[in-house]
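Both of the next two complexes hold subunit A, though its partner changes from subunit B to subunit C.
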Partner chain A sequence: MNADDNRGRSRLYAKYGLSGPAAVVLLFFFLLVPLLPGEFWTIVSTEILILGLFAMSFNLLYGYMGQISFGHAAFFGLGAYATAMVFTRFKTVGGEISTPDFLLSLLAGPPAAALGALIVGFFCVRLTGIYFAMLSLAFGELLFYIVFSWYSFTKGDDGIQGLLPPLFFQDAVHYYYLTLAIVIAALLVMWRITESPFGYIMRTLRDNQRRAAFLGINVRLHMLMNFVIAGAFAGLAGALWGPFSRSVSPGLLGWQESGIAVFMALIGGAGTFVGPLLGSVIYTLLQAVVTMFTTYWPLTIGTVILLIVLFVPGGVLGLIEQRIKSRRGQAANAGHEAASGTGKR
Partner chain B sequence: MDLSAFTIQLFSGLSRAMVLFLLSAGLSLIFGVMNILNFAHATLWLAGGYVTYSMFDFMSGRFGASPWLLLPAILGATAVMTAAGFALERFLIRRTYDRELPEQLLLTFALVLIIGDLIKLVWGVENRRISLGIEPIEMLDTFVNPYHFVIIATGVAVAAGLWFFLHRTRFGKIVRAAVYSRSMVSALGIPIPAIYAGVFALGVGLAAFAGGVFLPLLPMSLGVDHDIIVQCFAVVVIGGFGSMLGTFVAAVIVGVVYSFSILFWPDGALAMVFLIVILVLIWRPWGLFGTELRS
Partner chain C sequence: MSTTDRKWEALIDNLKVSRRDFVFTSLAAGALSLTPRFAGAQTAKPYKLGVLLPSTGTGANYVENAIKGIPLAVAEINAKGGFLGKHPIEIVYRDDQTKPDVGAREAKSIILNDKVQTIIGTYSSAVALAIEEITHEHKVLHIAATSNSSKITQDNYSPYTYQFCPDSNMQSGAVVVAVSKMVKKNNWKSYVSIGQDYEWGRDTHKGFTTELVKAAPQAKEIKQLWFKLGETDFTSYITAIMAAKPDFLFGAIAGKDSETFLQQAGQMGLFKRVPFPGGLISVTELRQLRKTLPRGIIGLARCPFFAHLKEPLMQKYIKMHRAKFGDDNYPDDWACMHYDAVYGLEQAINKAKSIETEAVVKALKGATLDTCRGKRTMRDCSNQLDVPSYVGEVWDSPDYPFPIYKPDTMIVVEGHDVWTPKCEDVEKLKKKRA
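Let's turn to the complex of A and B:
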């Protein structure tokens, strides 16, 4: 990817849109973060990656399929709990876990979340718009309260504690690179999906469901498939979350957590592939910095979101893309220079 | 279940239903007329409760404690919050009418965070409550706080008032017409922006009123708005967007189901509520009393 970077950003832009250059720049930063002194930024970056993956999985529903889900955190939480439970089962009495067992426990997250998404999605895809949002919210809250109140199975309000990864991955940098590798792999798969014929069917469903149906597309089946895929990726993000924060709690399934994915996608730019990841960079970094100085984090992020909604519709990446397009003017082929210039920033 | 437990749960359920109704009525009107799902509605309710508390506290210090001071405190807080709602619509919400639904959601979402934190900034983290010092009365095998009757009567009265307003007054009829067709109302020469501002202010006023009325029964504490708003969504969805009767019936269903579920599944009472929401959305997405047309 770096060779590509050197030879021609314009080609990168032409092929992948703004997501190409943005992904290269982000990758560059993500690879170098552990060089910064102290563990703090590495830990923050791990969080950025995990929540970024979560936000991007949400965007498979919103940005590509055009449906807003307010219950997406349920799958993040299901993945986290599945991993946490397998993790706890594998743990020795002394609280240690071997590396293969640990990696195996991570694998438990996505299928569990996908299964949950299959059941929830079966009902949700029958609706669209505000009703889709409400039904996903209701399912999310139902799952939240089940996890919250089923003490014998989930430990209820206490959550599951003591998810200490093997010694090697207790090192923040090692866990970070593990996360980075998994997230990159996940994003490559996600990219393949969104650029496949299936991905274009999603865009069709977003733009005009009726036309898609006339074209012979099984609308509900495709929506359900996408719902399950998005759920599985959210579950993967959840799986990474437990051992990262050493615990899981019911709050991971709540609607406020779903809201974070919505924030990130819209801040970064829901119309682009890497937009939600950029949103996670902005949100999580801001949170890390702001909470150093004040406990009034909600007030700060609320104000930021307010300003973005009022003045940067389409999110940060959306705004940049718009600028590039307007600078290019009507001539479709003339603007490669301008594109590369803006993409660099 | 014996009679005393039944009585207690029935009254607390009905009281809860009245508060949910006052909130959801505004939520439903705002959504019906303006097509905006106001996530900040319960946060404004909370703010109304805090303002009522402060006014009550101030007047008690000034004129000596009396339960009757709650009345002017509630009215004062309602007036303040109605004005705040008007200003909110004028300066913020209005800018997003031509935007997509998610962006409007994001804006009201941001307001949840901002207003919630402003409450923390002004009133701090400790809970605020008003004790009226009313003796519980004995009835149906148990003791009941008579304030439950006040809340239930108030709720029913406001419901009747809202019905009268929507069906018998000119402004109310315009509001109902706007739910069906904004463009038609606009074409008849009625200024839509004024209707929007009025409806939003009315909704916020109702929410603040509910916050004040509820104060002697439950303390106001930070973060309750997050629980209440999803319950209001539940009410609006069950009843059907834009239907006042539906909202009332749904509020009673949610309030009573919640308070009886709490007896045998304390942590999961709301799970029952969301189960109902799911069943309604699957069976009749437009709600029990809504019309299919608006879906």
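Let's turn to the complex of A and C:
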């Protein structure tokens, strides 16, 4: 291996962990996607980005705070519905929406989701582990049923249709770049948060809550703050989803949607910052390709998850990280063993 | 028998043993290889027909026969060389999982990748509404064969969407018509209502009671019972109904709850004491619940084969379906409506003399089609096919291994008698599309 070639990459790795090089590689591909022939792959990539943002917001709870939520889609759905409702309100009699109004409607998503997360989080952060997971699931389903049943307000199980963005953004490539810009901005903010003292408090809470409490950290307050932040980012992803899919439906708040975020985090690597985004790349691409050939998608993804959990518990990025560390460990002949999942982010 | 036919036979034989999804993908792949029988006929561009139906999720049980049946109809048309004798049909099937966002995604995928010109489907109305947004945007013909929210053709009207089943307004209107006839005939005076306690249940109940007051004022509601969605124990409700001793029971119950309610009420003998008109009992239930379904209960169907035995097309479907899937396997409502969709598309293409979507869409507008339910015309203002709803008493027939509706109790309510609202109000409902 030529050391000179690797110096740049190594520096990136040294500073940002595996997430650095991974983000650069992903960004490179994401920028080039619209060059692929046909609209379809651009549309798939838009979905990858939106669900990737959703999965990364989930990972703020799971990977950083160490709590698993099975109700995270509730905030994705709340964001989607808030945007859909504002969008519908802004539409002219002719069924059109102006670009400023459209962008404004996207802004409705995160606060609505954050508010929902504040209420749900107030109760959830009182618990940890399986109890946290169950309570988040219960609240998620509760919100799902409210949206599902409240016909006069949410249009019930039919959902809301007609979310056609302005002419310029109807073009798949334009919507893609809009999504890419928003997702990159969101990820930069998220990165800043996870690398701030607050982000390190999260890691402390994950590793040892009792010790954090002894250090004088207000455990519940910090957990709640993180819960709200994660909810807001999920809401942003949801906001982008409605106009992308042209409709929203209550299923977006349901536990199956929450499961998607969990799957993506597990596949990509919950121990890294970029892992869930890579998980979204794998999950969404696989789904787009597999459903072209077979209707056995649930079986396929089930098998993938099974293999990941059994053989690559750290996810794809976790595996690579482990390899790099063990190789370096050998090269330097140092005694330190590769610790999985707790390395640099 | 030509080689092609034998290949086809082999594929169809597979149907009996293998899972339906495998079948469909193999058929989708195989459909193109079914070269036309007429050696001389020139083959032009194939016609890509998208099919979005759930093979997983809540609707899967209902549409299984539709999923199996569509390739049969397609094979028959392909044997003549395809649409217009020269465009062999290629089926592109995707599982919509009864989820709107999956349906929308798959619709995009088959429109952009496979270039389908028509999408037939789907079971759930929510999925149909999501797909309608995509087909409208991409100017692809969308035939809703079983999903029946009136929103599909009214509020969310799209010139590219056509409805081949009675919509929700027509079905609940049919129940009112049928019940008021029964009220007069049996001199019923009192009834109890039971419904799912949420918007749909409340709406359906309100629609029924306001209409019934007009149609049969002598029938008085003596009790209302509301249960939460997903109720698993109906005992207290059933005893309350029995205690009230009504002349009949009205229910606004759909989906899984309906199944649970029917089962528990049947076991407790409710239907022996109180007639219960209006629950959805299609040929699927009649066949699958043949042992447990309480006899004498009054069901609502969308397209039961036994109501149209004299129609040549229905005779053809029954023969075709039984020949391929076994003597016991009569086409159910869902299969019939999908057969009508495929042959309706063929007729529109013949009328347009072209497979170009704009021409076909134009040909379907106000068209009169030959269907298994007789000659039926598209309603001009909403592209809703004028098809009847069927209400009748479940009864053991000597002719079939499963119960059907008793012929002398069956009330066929014509679509144009109950489709609401009026065309001018439909125009007001239609949301403008950008």
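Miscellaneous remarks
By our rule, the second predicted complex is superposed on the first by the 322 of 345 C-alpha atoms of A that agree within 3 Å, B and C clash if a C-alpha of one lies under 4 Å from a C-alpha of the other, contacts with A are read in each partner's own complex, and residues count from 1 in each chain.
Just so it is clear, a contact is a pair of C-beta atoms (placed from the backbone, for glycine too) under 8 Å apart; a residue touches a chain by one contact, two chains touch by 3 or more.
Computed from a predicted model, the values in this text were never measured in an experiment.
If you put the two complexes together on subunit A, you find that subunit B and subunit C bump into each other.
Of the two partner chains, subunit B is the only one touched by A:P313; subunit C is not.
In the superposition on chain A, contact of A:L127 is made with subunit B only, not with subunit C. Applying the stated contact rule after C-alpha superposition, one finds that A:P298 touches each of subunit B and subunit C. Of the two partner chains placed by the overlay, subunit B and subunit C both lie in contact with A:G156.
Contacts of A:L35 after superposition on the shared chain: neither subunit B nor subunit C is touched.
When the two complexes are overlaid on their common chain A, residue A:L266 makes contact with subunit B while staying clear of subunit C. Of the two partner chains, subunit C is the only one touched by A:R246; subunit B is not. Touch criterion met: A:L142 reaches subunit B, while subunit C stays clear of it.
By the touch criterion defined above, A:L164 reaches subunit C but does not reach subunit B.
With the complexes overlaid on chain A C-alpha atoms, the stretch of subunit C that clashes with subunit B is 221-229, out of 5-13, 113-121, 167-175 or 221-229. In the superposition on the C-alpha atoms of chain A, the part of subunit A touched by subunit B in one complex and by subunit C in the other spans residues 145, 148-151, 156-157, 256, 296, 298. If you check the complex, the residues on subunit B that touch subunit A are 37, 92, 95-96, 99, 101-103, 105-107, 109-114, 116-118, 120-121, 226, 230, 233-234, 237, 241, 265-268, 270-271, 274-275, 277-278, 281-282, 285, 295.
Contacts from subunit A toward subunit C in the complex involve residues 38-40, 43, 47, 91, 93-97, 145, 148-152, 156-159, 161-164, 167, 170, 241, 245-247, 249, 251-252, 256, 288, 291-298.
Within the complex formed with subunit B, the residues of subunit A that make contact are 62, 68, 123, 126-127, 129-131, 134-135, 137-139, 141-142, 145-146, 148-151, 156-157, 255-256, 259, 262-263, 266, 270, 296, 298-299, 301-303, 305-306, 308-310, 313.
Residue ranges on subunit C touching subunit A, taken from their complex, read 21-22, 24-25, 55-56, 93-95, 97, 99-101, 104-106, 108-109, 112-113, 125-126, 129-130, 132-134, 137, 149, 151, 156, 198-200, 203, 229, 431-434.
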